[in-house]
Every structure is written in C-alpha cells, then in structure tokens.
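Labels A, B, C and D are assigned to the chains in the order they are written; within every chain, residues are numbered from 1.
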C-alpha cells in the first residue's frame, strides 16, 4: 500500500489555481506523484486531482536530500489547516484523503451474482481498496458467496407492502456500519428518492445497456428487438431519475444476427462486471468528480 | 474479379432446405465457394447465402477432373429456371446475381464530405464493386471532388418551397440512370415517404450516433450533454420513420470528459466513414438480408 | 439444455460435400439448427459444423407435421453408421456428439487464481457445459476455492528433481478421471512433449501477451519495456513448442505511458479471463477445428 | 484557430517542479487552458505539457477583470527569457510554441495511397494544423492526388544503384523547404542511418502490424500464416533500427479464419490510416515526448 494522499478539488475557474495549489503543497514538502487538471470552459469550472507522498523518502522520487525542503513525513493536518484558508478564498469544494484509509462499502444484489462475485474476487485480489462490512440482498442466493468471503449477509426481502420498512432497515444498516459507498451489483429494486438523497454521488449502479439507449427493464430484450449490432453496459451514480445519473463508464461488445436474447445476456455479463468494477475502483481511488449530470474521471 | 455468383434466399423455415438447395446446386455442377445459413427460430424464418464459382475450373477447388460431374462453365440460366420451381414450392424470396454485375449506385451528400470522399476513394481502390453514375447534393462543396473522380455531379438545392420539385428531380435522375442503391453520405435532408417507398432496402444512411440513442438532429451535442463515455455511429436502411430503419453496422469510440462537442464531431467522422463504407460494401457483396426491422449480415 | 447434436467434419475439399452431408441428415429427419462451412482454398480443405435437433418436435422449428419425413426422435446411432460409409468415401475426419454429453475437464493452475476463479464461476452460472472432476496445482492457494465449488483438489508440487514424477501423477489422474480437456489456467510449469502428445488439441493454455509478440516469461515486463500502447492475451492449444500452438482467441486493452508493469498485470487479468473462458466455451461447444497451426472457430 | 501556446518540458524529477513552472506562468499572467504531467518513477524523469492562452481575454476563462494580474496579451518573449533561467537551473529540455505556428511537413509514399489520401483529406478538413510544402514518392501514382490538393510533387525513383543520390536529393528538398516533420505514409524504402540521424523524433512511420510482432516485410502474410485472430498497425518514430523506434499509437481489428491475406490487407488499410493520422496530429499538437525508446502521449 502506497503511503500517499489524494487531494480532490473543484471550484470556479480562475487564473493561478494550479500555481497556488502546487506552491502550497511544495511549501509543505509534498512530493507530487501525479497531478491532473480539467477545466470546463463552458461552465467556468476547474477540477484538480493531486496525489502526493506522505513520506519524505517515498519510493520513486528523484530528489537528493539536499534539495528537499522537508525531509520529514508530510504533516497532513498542518497542510489541511492552511489549505482550508485557500479553499475558502477560492470557493473550493475539496477532499483530502490518505490512501491508506479504506472506504466502507455496502454491496447490494438480487438473484444475479456475476457482478457480486466479481467485486468480491477483485477485493480479495487487492484490486479494490475498501472494507466491505455488509452484503445486502432481497434474495438468499448470495448467502454462500458471502460466507466464503466471510462478509456478514443481510437478507431483506422487498415487496410492495414492505418496501418502506425494508428501506428503513437498509438505512439503519448503512448508518450503523458507517457506509460511505453503496454498490448496486445488479440489485433489481428501485431506491426511493429519500434513500438516494442520503448518498449523493455515493451510490453506484450498473445498467445493462448503453445508456441512454434502452433505459428501464429488460434492456437486452429491447436491444434484440431493435436489431442493434453492439450491446453495452453502463455504470453510473444513482440519482432520483431512473437510469439517468452521471455516467462513470461504458463499454460495448459486438453481436450479430445469430445472437438470441440469452446470448446477449451472457455476453452482457462480462460487460457489466467490467464497467461496474472499474467504476468502483475509480471511486475508491478518488478519481471521480461529479458536476451537473456528468463525471470527470481522472486517469 | 472473381467469376462467381451469389444466391440469396429467405423463406419460411422447414426441414431439408439446405439439402434441397445444395443438391440442386450440386446437380448443376456448382462449386460452392462459401455458404452460410441462419434461422430465426422465433419467427420461423430461414436465410441462406451461397457463393459459387461460375467457371468449372475455379481457383482453389480440390476436385480432380474425374470426380467433377460438370466440367463445363456453370449454366446460370438453366439453374435459374429450375431453381424457380423450387422457390415457388418452398415460398422463397430469392435473388441470384453474378458477382461481375456491378450495381449502379447514387451518392448523396450535403456540406460534410468525409463520407463521400471515403466512399469515392474506396471505390477507386477496388473495395467497392459498383458503378457510380451520379453524385447529388444540395450544396456545391462536393463539385471539385466529383470532378476529380470524373463522376457527373447534380446540384439540386432544397428549400421548404422546392422540396417536392427537388425530389421529383431526384427520382427522375435515379430512374434515368438505373440506380439500384442510394447512399446518403451525410445528406442532411429528410426524404419523403414516397421516395423511401420506391427503394425498399435500397437506401443506406449513416446516422452519427449509436442508435437508438440520440435520434434526430445534433446527436453529438446530445451525447456531450448526457456525458456519455463512448460515442457511436450507425449505418442503416432508410424507412419511413426517421433513424429507425434496419441497422446494418455500428461502431463506437471512447471519449472522455476532456472532449468538447467539436472533438466528438472529429472523432465521429472516422466512425461514420467506417460504418457507412462497411454497409455499402456488404450491400454490394449481397451479404445483407432484411426482415422485420432487422438485418442478417452474412460474414 | 438443448437436446441436440453437433457434427464436426474436416476433409479434402470437393464439389457436393454440403449437398451430400445435408441430404443424408435430411433423409434421417434431422432438423438443422445451425450449419456453417469453411473452405481453405490454398490447402484444398473443407470444414463443416452442423448442429441439429435430436427431438422431432424441437423448439423453434417451423415444420408442419405433415411435411416432416420423420416425426420420431432422431436415431443417432443409425445415422452414425450410415455416415461412417460416407466419411470413408470422402476421407473425412469427423466427430458427432450429443450436446447433452458433457466433456470431462481438468483445470490446472499455480498461484494466480483469477482465471481459475472465473472458469469455476462460469461453470456454476451455466456458461460452460462440462464436468470438472479435478483441479490440479503445484501450489496450495487454490484449495479453498476448490472446496467452495466442491471439486477434488490435487496438490502436486513440481521441482526440477520431481518434474518427471509429478507429470506421471498428472497423467495417472487424467486417465483415471477420463479427462478429455486440460485447461491451463495460468499454470506456470512447462509440460513435457510426451504429455502434450497425449492430448492433441486437448490442452488449452492462456498466454499473457498478444502472440506472437512477447513469447516466454514475463511478457508484461517485456511489453512495458517496449513501450507498446496496447497489451494483449492469447488462448491457444498447447503444442511441443512453447507459446506456438494454434491460436483460439486474442484480445487487447489500451494502456498509456502512465501504466506501470503492475497496472499491465492488473489490466491483463481481465483479458486473460476473457480469452481463456471463450476458448474453453468454444471447445466445449465443438466450435473449433485445428488444422496446421491454425484454428477454424465457427461462430 | 486558438490563440494559445504549448510548453513542453522534460527534466530530472524533483519536488516543486509543478509549483515553479505554474507560478512563473501565473506571474506572467498566463491563463492555463490545459496542463498535464507525468513522472517516470523508475528513471526519475518528469514530463509536462501546458497549454495556455496568449490573449488576456481568452474564450472560456472565468476570471473577472479585477482578479486578473495581467489583462494585456501574454508576452511570450519575456516569458521565454525568464523561463530559460529556470530551465538551466532545473536541467530542463523544453520547447515553447505558439499554436498558430504551423509546422512544415513532407509526406513520402510509394504505390499505396490510402494513408496519403487520408492525410491530405484530413489537412483540408482542418484536422491537421500544418503546412505540406512537398510530397515525395519513388512512384508516379500519387501525382494526380498531389495536383488535386495543389501540393508540389517530387518524383524521385530509388534503385540500389541510385539510393545514395536519391537520399541526397531528399535531404536537399527537406532543407530547402524547411521541413520539420517527415511522414512516411507507406513509403516502402528504408532510410539510411544518416538520414534518420538528421531528424531525431522527426520522422513518423506506419508499420502494418502490431509491433513488435511481425517486423519487416509482408507482415499481413506473416499474420495470416501464424493464424492470429487480430491484426494491427503501429505508428512510430523512425530510428536506425528497422521497426524498432518509439511507438506512438497502435490499433487492432478482429479477423477470422475466413479472412485471406487480401482481406487482411483491406482491413489493415483502415487501421493504418487511423494510427498514422493520430500520430501526425498528436505530433503537430505537441502532445508527444520521446524518452528512451518510448513515448509520453499527453491526451
């Protein structure tokens, strides 16, 4: 695990933003590992992501000791205090997070387990830097898989009559476990606006089509009926409007007239796994900033 | 140029279709170069494409003379006559075409010339086996390009007031030149239902989005506004309903938050060229069968 | 599970092959679900795959009863007997297999488990129609995963000194369990020519490069050193020559100057999973024919 | 045309580089439009590209006048003088170029004209910001195309006996026309080491394979013989060693057992056009930095 921190900023664009942020980091002795910026010239917005080492002698730096203003470990709290003044002056929204801090993630699914199995495997393999305190489903199919990965499983069935009560249980669980990110890994229930409002840019969903084509239910059936030559999948943040939130990632696969709906479903599983796992990894690596109904994804 | 013929069939599915068609070809001494079939099990339809040599000693056959029932050139008219009986019995729609016969194609465009330039170059390079007796445009931009390729250019401006008259001139031209295929290479005028009805599965268009997403005008603007991560282009047969005809080919390219509308337009040009030129080539090679609102594209 | 059979043929090319095979099937009342052919004109070879229903009333046929020569179930043994005469006459190599017969597959791996986990998940999900009686590894890492899927695990460590003995144990196990296909899911030991000779076109490997680039060890390091802009993975049948057997499937992913070797390794895992699982599925579905050092993969 | 400038830097990595460069730009009143950095941690190298407006009131800035340190146009020469001191201190290699300055490019080709036609079309369409004073070929095929675009054509045949003399003429022409970039658009002659040495990172070639696979002549034949499932094309800077220079861009297309060598050649043409035109555009936009045998391509 790298001993580093990520600073994410968005604010109104103006001259000198890069200079002021990078100078402040330099004065505190930060060793920048990677920096990226983006301007939306239409809206006059500025976005920045900086990753820097927290340790004076971070791997891969070319500094000789004599040139280093600060050889000691980076004092993240001192920096945070000073940066806060800058942020107020420049109307910045910002977050500064140590890479070692692992966000707490809840995974939701229904009967289809391919995305769930994929995310759990990737976390075990070290691709996803997070804690997963709970798995939630309205079906029992995932239980054995949750056991295998030793993650507490919460079975919360949902019917029209119990929807409100189920969601109350969901929210209790999320709060109790300090969940910061909810991943809907083919969870087939629609969340209420109140639920969504509790986790702005904090719920990631995968939709099994190339949005905005084929919103709603049964997109593979719709794609087959329309006779498209490529199918797609989309990962996005959840907003109040179904299948309409900021898109994080999309991918497609070629199909032909030979492919029946069940072939599309099978091909689509691979797409869904890939676009969802990328979205989760980028979110955990603090690579994503939302604005309006779009995302900036720093690579 | 290969001395071969292509037989395209579609009919209600039933047992023995492959056997009966291939046996008839065999009795006439056809040397099959490539054959492909498709069944749509839901609709109970059968589709077949067979390409066979017209010359008894076609390149690449493994036949020794003693085993060949017919060493003489294939008698296409005799076969046609006998096949017609079979077709009636089995309710087949069919076409049999010598590969050497080059369909007559009209190219339409407006101001954007990238697809037009690409199609003309590909024909010159031998990728498109067709005649192009006319180029039609409601703008003069294409004139020099038409001259370079020595193809007669017809400038037919279109306004709300002249639309009907312009279309009458179009249809006269198409009839006069014996046009079998109309290619809309970014032709930005909508054709009337009457025009479309004259060329069923005979008008190919390119739409600059991944249909069915972003139908209608300014799809790149719509894609940018939605924040998609891939843009697409679609070639399709034109039907009465705008951007709704049977899809022939689609392709996509990855974009990012950095790309502005003009970047999408530039990236999209490459997609449009590729999906349109593939559609035209496959049509000319008699690889496409339409049914319902879909296509079978034999590879 | 479809109640169907697949007939795979390769033989010297000659006129009338499609007619004779399809007529024989028709006389036996086969209802062809899908047929595909290929000719290699340079080598004068013919390849064919036919899938047909074994049940007279197979789903999706359009036959009316009165037109069906045989309403009874297809008599596969009677067909096999008659086809054998044709095969001898036409010098065919052929195999005819009921789709319900599930091949017996052994999975080998070393420490990296991503391909193994993927194959096991896909089989559970119904994507791979096979039995997996044994998992073999020279490491213990896979043991828990094997337990989860309730597949007997055989730990057979390999050193220079024990290589021959280990391979003898491998061969005993494969024979004892009637294994027809060996899948090397990132198994990092080289098999002896004697082992390979026992399973012609019966051992599938995944190599973590776009072959023929970067054969041998540490291909991601080599790709990084060369500065390529795409990385790849390749699944292929194993022959005596390392990384040289007939290629079944390849895929690539885009990388950039930002990607370090460990990023390539992580990106590559997804490629490896996909190309290996496709190869195994196509093999199990009898879609692959080898000839020379190439494959025909019927889609 | 944007009124902007691009600053490209590479130097040994050390702390504070971003801060020092961006602060200097800020003091001179630059309005940064886009900035990107890269560190190679293994080699201890730092790379940076900054694009900034030369006009105080550049489109899309969010600055209110009162906050702008310099409302006057950016004084590029004053900046250049001061930056030079910084560059010496920090051992930087750098170039600063106004976007309006259009590099002078020579295009070379042989008989195959698809890349040449594509580059000429793209420049006409505004995708390539350069002057093209000369087209050079050892064949006459390109002459009509050069005429169409009104670019002087130089026919310089090359034989074993005349190679040295031909190259002397090439170099004279390049010098006479002040050529900064030579594009080998399927030019099938090998350049001498002396020629290559005159244009370090100044000659772009397209090779019709996925390098490092299939170097040398007839790569499509080699790919067909090996039975690969994807073909590729590569654009790269030319170095003394054939097909070995720093790779700029690569792309691939899927093929199947049906594709013969001529199909690969046809499919490959599209790949070659795309990877070469991207390389040329990125070079012209000053997006590429070479180091060792690799490229950084800023997006």
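The rule is simple: a contact is a pair of C-beta atoms (placed from the backbone, for glycine too) under 8 Å apart; a residue touches a chain by one contact, two chains touch by 3 or more.
As the structure is a computational prediction, the values presented were derived from the model and not from experiment.
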item: Chains touching both subunit C and subunit D, listed by label; value: A, B
item: Most distant chain from subunit D, judged by the mean position of its C-alpha atoms; value: C
item: Centroid spacing, where centroids are CA-atom means, of subunit A and subunit C in whole angstrom; value: 36
item: Set of subunit C residues in contact with two or more other chains; value: 34, 41, 256, 258, 299
item: Footprint of subunit B on subunit C - complex, ascending; value: 12-16, 18-20, 22-23, 25-26, 29-37, 39, 41-42, 44-46, 59-64, 67-69, 254
item: Interface residues, subunit A side, partner subunit C - complex; value: 34, 113-114, 117, 121, 125, 127, 144, 148, 256, 258, 266, 269-270, 274, 299
item: Residue ranges of subunit D in contact with subunit C within the complex; value: 38, 41, 210-214, 226-230, 232, 246-252, 256-258, 260, 292-297, 299
